[in-house]
């Protein structure tokens, strides 16, 4: 069994991107609960994200969502972020909240609406140029609710065309990342429902088009780590949207619903060369990001808990004795091989990680440190008036 | 094979309650699309529901949702409805849109909040007295999102207490109907997640407490007609919320996703004595109601289509040659028995039903008749200004 | 609405391959029930399959499973089949019933076992040469039961290698068809669990490698017709294994569990050019085959029922008024477009099909004709002694 | 956070019953792999079970399955077991492997077959009298594969009658325990598919009729710990069949697929008074049993691993700081309450448990101790010839 000292160095430089929208209000179709201290501007969202980074050292970048995070002066926003100790990250497009997109965006039968949706992405690319972002992430709500409502094939062909129009505007140091989702908000068919569709679409585009795997976007029972393995093998795993779920796309805190699944996912990321420090050339192309929906829990501590969960589970996955594992696998020792994995999973890394943090000038217990910091009281007091930001 | 003439009489008097909220805007957590002509008042919702009844003869009552449909003068609302040819039906309580209920209503740890939720139901019962409604339907959003967040057992005990406090105020000609739901909006546990829990709770209350089965509220793969059979056998099937789904609680038009499932459900309703005209005493205790969410389709035609689907499928289920079915079942003739069922399912009853309608002074094709009636154009023109009603 | 006369010609030449193993005993892990008249030899299985064809005109070929159907003289078997009015079809390999394959076949860590599994497929190709079969179908039970038991990535790479070794022996008029399956008999990971994996693997092989879609091999809720559309679009839909299911890989009669799903699948086959007569060049590359497991129902009538179900549903799918559908889709008329589909689905084609059959010298009601034919009594009387064949 | 010393005493006396059939060969419908050393007699199965107990101290009883474990002299078998340090436990009936039960046993339309099935259970009760067993466990394969094949309601009524006939023969110190299962081997409907049905049936029988919860017998996504809570609340949780699964009834080693779920289940058992030492009167009525199917892993180590998994997870569940948990729950501190649970789950109890075992004269590492004991080599050498026992 590998021990913590041997893997501590590999934890260095782990980065988990935070979504700006995690700090606004979110909820279900039944109710969005408001909470004191919720940001009323992009800057306040970035300040909250920077706070998560300050307490954990794990979240150096913030993803933006356009138009939710649209501002007049992106260079200024970039400076604002940097002054707060973080950088602007992935740009997420939004084609699901305009009445025009009721029946689709990049797949719509009407070329005018497709053009509008393509232009929105071109605008996102311009913003990326200004923010220095690498990734344009596309999640589409496109789909239909009733059999017959839409021509599945025609939509797929139009999707290919629209993506090609966007891809040709991506620069050499940028990437297009296409997310898939099993269902919701469409309830009969979704135009990018599975990794196979996302893969087939991005493979047709080129090298800088990749797949985004959101851990909550699969059919019940899907072996997600298998998909991680396969996409890494095919060279097409661009990024993760981390969260967890018991049922559908519940968007709970990553690692909360099935910690062992998160462990297996991270083990395959490492096994397949998708984890940075383990990479020969010192960095990985796979972006780690959170995408969660804090309905009932506190937002900033929710994000702190989330990045800690990813870090703790990464440590456990790094602890797997891969030589012993390979030996047991090759010997057909089913229980022995399983045991090697479980030994790492059941290792309690929390005290070691607290020490690791303290060595780096971070609080040993970021949850407690945040609670005691007074930040929450401060924002609740100062953020009075204005409109709390939310998804919609 | 039974023919249509033999079952035509049994279609007489079929009644499917419409939910007032089906005529307001509804949607997903991502977007609620607005549409021209959407009601801005309870009265306009009732007028729309009455229109569905006028074109189909199938929807003589309208369910209300409190506080969405709160008015100052219920007797006046009752008269309004009756003047439009419909009656007020089931009263639905709402304990999921008040900030106080963030962590539960009837199950909340805080007795003040439980009291508030109980009082809300007592108010609903007063409204029932005024509207002449028989059923108080309780659907609870109560639940939790994270393991540990809540004490499952304490909540169940408090639920029993709260329900008892409500039940004791139900009069002899009223009923309490408790709905269950697999998940959403709670994503870890739901306090009434399955028929067993609803049954155990209402069985503890008394004879006038029943279970409500919403066809979209089950785990994937659940055999819903089995539950229909079981609840009828136990004397506890109070009502249906009809809709359909491919994934979760998609709230699509009943019969749209899996028509054969709707057929099997209706067959078990009839088999178990839950369908009115088939009952010895001339009426059934089982209430048929729609509960759907028209996200992308037109609302009034969506409701017309829905009640027609229930009627058509009821006709098919009545066509099952039950003597032949029993004979094949008793003989262990698997394919023969299956065939008897399929023969009824595959019978095209649409022309016969059109004739049946015309004999009763109804349009043969209610969808077309509505489209040609000018009603939609009229409400789009007249309902300008004001606030379109929606779920939230 | 298109009428039957307009589509009758397109039903001409429809062919659904029968699996030889459908006529042997099959069951669950709990019990395999034996039935009188079950074949004791490959020839008796072919005779039964030919009987299905004689009564339906729909099943001109029989798939073989090696080694279950291994014989010494394939040319003789071919003549036997042809004398009975059918041809030998797809050759199915078997790598799941040899002790050596406990931990995998084409993916095994041990090159000796991989070689054995490859050689088995080369032997299958030799049999194809002798039988004149076009397709080699590979379904792999390869997978693992416990996290850690196997190296997912290494297995995928070895799978690619093994498939390449098989593919290079396929002749120009033969095809390799790779089936995927969600789970079972492996319960943690399966090496070809989804269409994406099968597609990625066969795309790496070449033009004559295709995907086989078994309708029972998906996660709950999967939109199968979407996959049909996508594989046709990508030019990689090689064949269907038809059956139906309520839960997992239940292997029930096709169309029994969800007839509307079968309708939607067949509609997408036709829409995407996968249905023979609709193809410009007069034939389709997509093979239709049954793969079911008759546990409790009679086998020969079970197969007759199955091919009739496919034919009836094909007729309904052909009846869809595609011009009206496209018009409603383009107009964003959700309910109208859905209605066009449902109108075809609800059309009762059974009497028309009975007439169509009679015009072609076939029995109008093949189920009844078989029951009255005396064939069943004859095989029950004559097939006494010997060992009834079964899966295992 | 509670520490191990504080809970060590509560681990005393934990008992997990082993199923005799775990030591025979088992598998899937595709293949049952044989392994050297597999028992050829009931006595050899008991000897293996006793070995598991010798190495772990956790498995003092062995469940029998009739007729698999039928012997002429039960008192002798009882002595044999006791001489090996274990006792005979639950008697499991079997109504799924006789041709007569093809269409049902306790629910069959034919009273002769129902009588046969009832008589089988009466014979089981006689065996219980001889073996001193407390529990008669009934798992029924009864169900149907096709809609229409069976009359759901008639079967449910006959089930009630048959169970009553069995229950009246149960003595005052015996119990009837009715297991439910979502599906398999029946693929359309199962006569006892869910806890609600099992509960309604046993509630109608009386106090000594209870529900058996098999952790692998639920629909995807079902919150099993909720059912544990509910059945304990209703006083009807009789026993567990432990195993784990990723998909259907995979019958993997308990705790292997989702360790956190096992933790939550055991926490609810303790919370609800179902765990022995935590009970005021010093014992619990809830029987813990394994029911797994070792397809590819070694059987005896598989059982050792399983009981250790239950013990380890029980220790973690006992470690939950329930006062802190209640405080956080009452305060609406979602993340805090969740954290209390996770703190216990992530505590590494393995070293403490090794010490605990050694204090009691047991091997600290039972898996290694067994591997080094030579037992496996011995049985492989001595158990040559004869027929290896298996399920079928």
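Here the chain labels run A, B, C and D in written order, and each chain numbers its own residues starting at 1.
Just so we're on the same page, a residue touches a chain if its C-beta (ideal position, glycine included) is under 8 Å from a C-beta of that chain, and two chains touch if they have at least 3 such contacts.
By chain, with names taken from UniProt: A, B, C, D = L-rhamnose isomerase.
Predicted model only: the values in this text are computed from it and were never measured.
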> From chain A (L-rhamnose isomerase), how many touching-chain steps at minimum until you land on chain C (L-rhamnose isomerase)?
Replying inline: 1
>> When I count C-beta pairs in contact, which pair ends up with more: C-D or B-C?
In response: C-D
> Comparing residue numbers, which of A-B, B-C or A-C shares more than half of the contact pairs of A-D?
Replying inline: B-C
>> Could you work out how far the Cα centre of chain B (L-rhamnose isomerase) sits from that of chain C (L-rhamnose isomerase), in whole Å?
In response: 40
> Can you list the chain B (L-rhamnose isomerase) residues in contact with two or more other chains?
Replying inline: 102-103, 144-147, 149, 182-183, 188, 220-221, 223, 246-247, 256, 260, 296-297, 334-335, 338-339
> Residues of chain B (L-rhamnose isomerase) touching chain C (L-rhamnose isomerase) in their complex?
Replying inline: 220-221, 223, 246-247, 256, 258-261, 296-298, 301-302, 305, 334-335, 338-339, 345-348, 350, 367
>> Quick check on the complex: what are the chain A (L-rhamnose isomerase) residues that touch chain B (L-rhamnose isomerase)?
In response: 26-31, 33-34, 96-97, 99, 102-103, 141, 144-147, 149, 182-185, 187-188, 220, 245-248, 250, 252-253, 256-257, 295-297, 391-392
> Touching chain A (L-rhamnose isomerase) in the complex: which residues of chain C (L-rhamnose isomerase)?
Replying inline: 102-103, 109, 144-153, 156-157, 182-183, 188-190, 193-197, 199-200, 218-223, 225-227, 229-230, 232-234, 260, 264, 268, 271-272, 325-326, 328-330, 332, 334-335, 337-342
